[in-house]
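In the two complexes below, subunit A is the common chain; its partner is subunit B in one and subunit C in the other.
Then we have the complex of A and B:
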């Protein structure tokens, strides 16, 4: 009976209405289709890397490739981690990333607060200037910097690379933190001031607790950016290579198992971190998810 | 004792003058409403009293202290914000206790105060909740409880009810009025809702373009606006305005709407006579005209355009010359659109307004007295 009702109402529609419904369906199907395609484009390589990283070295070399890590084996990963220099490079990467995270957040937090709260002269120019740093190709920055560092006896040092990474990550970190502060309503700060806080106390008791998760997210994102950065790392270090620089340097001399395992090893921390802070990164692009 | 005195306050934002040389005294324990359309400077003025925005020039006194440049925390004020501004990372208890904690009040006393404030607002059962677990109306109560818990002598309220839905607003209005009357606190209340202003304030300061046009009791502001804008802003429907021409007839002033002559009250005759031949604006409220079904000597014949039965009254829209006016009648008054009726203008209910300045004309005696 219900089916009959549906068809009769369908029949009740005129041609224009039916066309509109069909057009809407088509639109929806194509949007979903596109979304699925884009997702596959990104996810398939990640899946492949993961599968290969946990297959035996023989399986990695064989064709056709497996679609799942069966038989499961940590042999490839172990081989990668045992390779000379990998652990030192990992350690370097972590030191650089932590240093970058600390310095970048320490600079970006007050800057972001100022941008989000105060209408100072040249505010818009300053914002644009921050972004403009990103427009500089790293090559143009890194080569003269490498020379300069050599003159100052700072070349091939982990902390000089961290300085470079701080410069590279600051724009993004500042903008993310600014958006985090902007999402804390000014009225809350004003209420704190009315009810007995000075500016510092209002910040510490009200703004900071509310902004802290967002700032943490920005810091983690900074960590990931530094962790993944390879170009400056190659130009500014020689013996004290970070992990991506170390892997890239020997990439063409290594076999597939090394590449897949290295890729996986690089990928996982980034993916995990980004997964936890994704909400705050979306905020930066104006999509409020609350 | 906490009298608020604002003296010649000026505040500009770039080229816009938000508050234009405003002086206002709010007496101890008085409830003054700042009323005006958005952008009239009422919130800016309130923020100058709160210390959240400093005036460019002028003075703000609370009690007998000059607080013009003091930070908010040193002014002895409390405030309710339009967006409530309750702290989302604190439980209701800590929100209400916030001001007390900042004063370093001993814990037992603080708990008692929070409890008392919460009970006044009927939220004593929610003290353990976070604001996100509460409805808009309840959050509003938290904001008010936080503001009264500190027992400041001055309470500032910035459109505290405007985010509530209509029914809740009506309920909260009466409750707030009772509460504030009990607390005997000096209050400045900002709103753009004229009904809220009429219902709550001891006095209403009507603002426009950064100036206070009139500051009087609700009934005075309603009945005898000093300015055409005030009459047109306050009241539902707002005051009606008609063009009339002053003419001398048998030695006395009459104001003619077409051929129909309005008779001013005796005190106004001299003032109007000085404007013989000029056009003045006649202001009269919808409920102050008397509608008749038959012709009468002292009534003007008009055509009804629209009839709106509103339950407690019938609201008629009427055209007189080029002016459209509203007349409120008893719900039993039977009338249909496009029919003619006759309306009477009681002399004592008519306000006379200068066409160019928009200012209400005063009796000659009063001008002499005040001048």
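Then we have the complex of A and C:
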């Protein structure tokens, strides 16, 4: 009799445990389901426009639409790239983005270092100012800057747009680089100084190598921001359009193949670059909340 | 900090970015205000009667396009009766500096009547006139025409004034391309300078443009009034706010869910992290085009619905009558594109919450919803506030998504109006564009201050408890 009760209680415990395990498993599975659902929500539209970009033009115009690029064809993509002005615009976009990346990183790096390493009067005000500037961009700046560039005879120049994009990306770049420097332990720098390095040598030999991957990630993000920017680009250029400005300007006169191929073409760099900087994303944005 | 030994190094290090932001952020802000509130170009008063001293109905800006309704010739003799000045007065209608349509009289001089000089008939008034092959006095001549010859004008050309030999400035010259019959019956074709050919003003054109005016450089509210009177102003403001109200709640709910999913550290977390962050690098224009491909008439949504058998012919989602579907498409595109930014901010907020707190909640038997409501969300508040301010301000600048999906005509937003007012092809009025940009800045600032105030009073209430 007693043996029977023991086994029954043991069985009862087992059941409760099993239930708990099953509940946890269920939760796990539902979280997985949720994650996959959200992934689909993000990936499906990209897959669909990719399908369009790699179908024949006849298929792009056909209805109902295919949901896979079968038959696969580069015709639509080639048509887009062969459209007059697209290659030059792409080239302009790359030049603007590279110029922006270089200038922005060059100006932001010392500032980021100063913010992360020194306590100085006005540091908090300066940081707050940068945050404020980060939140109020493009639309407000583009109109007066376009007028100013006309006065200075710099209107419709690729490098003037890069100057504008630098102003736009600078706050973000500064904050990201500051967080990158902050993640390099001060002790390492001090140790280098103890072993006879001057402040410059300590920075160059110890801090910089450790910070370099993070700075590269910030630079890549700057590139993507400039590559994507369209409002200032369309206001500040006329003949020397960047890619988004060129596409937007003729949008109402363009057919579906042009729009879809163009949309996909603009997506590609972001897909690649985000892959490389994904580890640093929280560095970049975590900063903003502190 | 020791006052005697100020460390200058950090100031030197931040100097370049400080100067850069002053030049490319501070200065344009000031320029923007100047553009919106200060008139640079001259204005032309329109009068109730065709006399110089009659009352003014309104003011037209230089460059304004006008319609000519009537024309009269008035002869005005000065007091001594020696000189009499002939002048033409035009009755014109146009959009005034404040954006209202007005009608009134203006003297012909300042109003450049575009087509008047294209009158087709003319007569040679000088003793003779040389006809050139090209509109160029130094070029080859084709022939001569005597006084009184009737000519037909086929084309005209206005040459910019340039520097002539001796460094004097030449006036801009108008050239006519004419055909005429010479004395021996041949047809002569070529270019003549306007002066010697009198163009009969028998036919006055119906359109013109204000070429010059009077006065300049003054502080004015005209551009602001013009913006407010703009027929798209209210609509664009309403749409912008509507989009914001629809997008933000969805975006924040989804972002918190995404962050919690990432935080539960599934196997393959890095892959999910990558996928969830992809939209961070997607431009608004690309996102707009992606969702356009879904919502367009022959797009994926219609294909899908038809395969399911719900519709038998493609439904036109994007049209004048279906604004609600355009708005839906824009909302989906913006949620798709911009939720990741909120997610990243929320994730870094979550990482700052001590794990023990959540575990304690679990230990006391709080379920997921209770933990979320009473532990996670309150601790997440600072991050959410930052994200909210950021997203609200960005929501006032939504632009390319709207243009890519709706074309910017049927559904319009504030940033799109800024662009349209600036663009050379449409209104070409940087002042009104600056007024729009300033307006966007003002409401963004207002919202930021409002949020920060709300946060502070909340905190005060919390501390008082």
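Keep this in mind: the second predicted complex is superposed on the first by the 246 of 290 C-alpha atoms of A that agree within 3 Å, B and C clash if a C-alpha of one lies under 4 Å from a C-alpha of the other, contacts with A are read in each partner's own complex, and residues count from 1 in each chain.
Going forward, a residue touches a chain if its C-beta (ideal position, glycine included) is under 8 Å from a C-beta of that chain, and two chains touch if they have at least 3 such contacts.
Since we're looking at a predicted model, the values are computed, not measured.
Participant: For the combined arrangement obtained by superposing on subunit A, do subunit B and subunit C clash, or do they fit?
Facilitator: Pair status: fit.
Participant: Counting only touches as set out at the top, which of subunit B and subunit C does A:30 meet: first, second, both, neither?
Facilitator: neither
Participant: Taking the superposition on A as described, I'd like to know which of subunit B and subunit C A:209 touches: first, second, both or neither.
Facilitator: It touches subunit B, and subunit C stays clear.
Participant: A:74 in the overlay: touching subunit B, subunit C, both, or neither? Say first, second, both or neither.
Facilitator: neither
Participant: More subunit A residues touched by subunit B or by subunit C?
Facilitator: Partner with more touched residues of subunit A: C.
Participant: Could you look at A:193 and tell me whether it touches subunit B, subunit C, both or neither (first, second, both, neither)?
Facilitator: Touch partner of A:193: subunit B, not subunit C.
Participant: Between subunit B and subunit C, what opening angle does the Cα centre of subunit A see in the overlaid model, nearest 10 degrees?
Facilitator: 130
Participant: With both complexes overlaid on chain A, does A:17 touch subunit B (first), subunit C (second), both or neither?
Facilitator: neither
Participant: In the superposed arrangement, which partner chain does A:144 touch: subunit B (first), subunit C (second), both, or neither?
Facilitator: second
Participant: Superposed on chain A, how close does subunit B come to subunit C by Cα atoms? Whole Å, please.
Facilitator: 7
Participant: Please output the residues of subunit B touching subunit A within their complex, sorted ascending.
Facilitator: Touching subunit A from subunit B are residues 50-52, 71-73, 77-79, 81-83, 85-89, 98-99, 101-103, 146, 150.
Participant: Give the list of subunit C residues in touch with subunit A in this complex.
Facilitator: 1, 7, 9-11, 13-14, 16-18, 20-21, 24-25, 27-29, 31-32, 34-35, 254, 257-258, 261, 264, 266, 270, 272-286, 288-294, 296, 298-300, 302-303, 306-307, 314, 336, 341, 344-345, 347-349, 351-352, 382-383, 386, 389-390, 393, 396-397, 399-400, 403-404, 407, 414-415, 418-419, 422-424, 430, 433-434, 437-438, 440-441, 444-445, 448
Participant: Which positions of subunit A touch subunit B when the two form their complex?
Facilitator: Subunit A reaches subunit B through residues 185, 187-188, 190-198, 201, 206, 209-210.
Participant: If you look only at subunit A, which of its residues touch subunit C in the complex?
Facilitator: 28, 31-32, 34-35, 38-39, 41-43, 45-46, 48-49, 52, 61-65, 67, 107-108, 110-111, 113-115, 117-121, 123, 126, 129-130, 133, 135-148, 163-164, 166-167, 170-171, 174, 224, 227-231, 234-235, 238, 244, 247-248, 251-252, 256, 259-260, 262-264, 266-267, 269-271, 273-275, 278, 281-282, 284-286, 288-289
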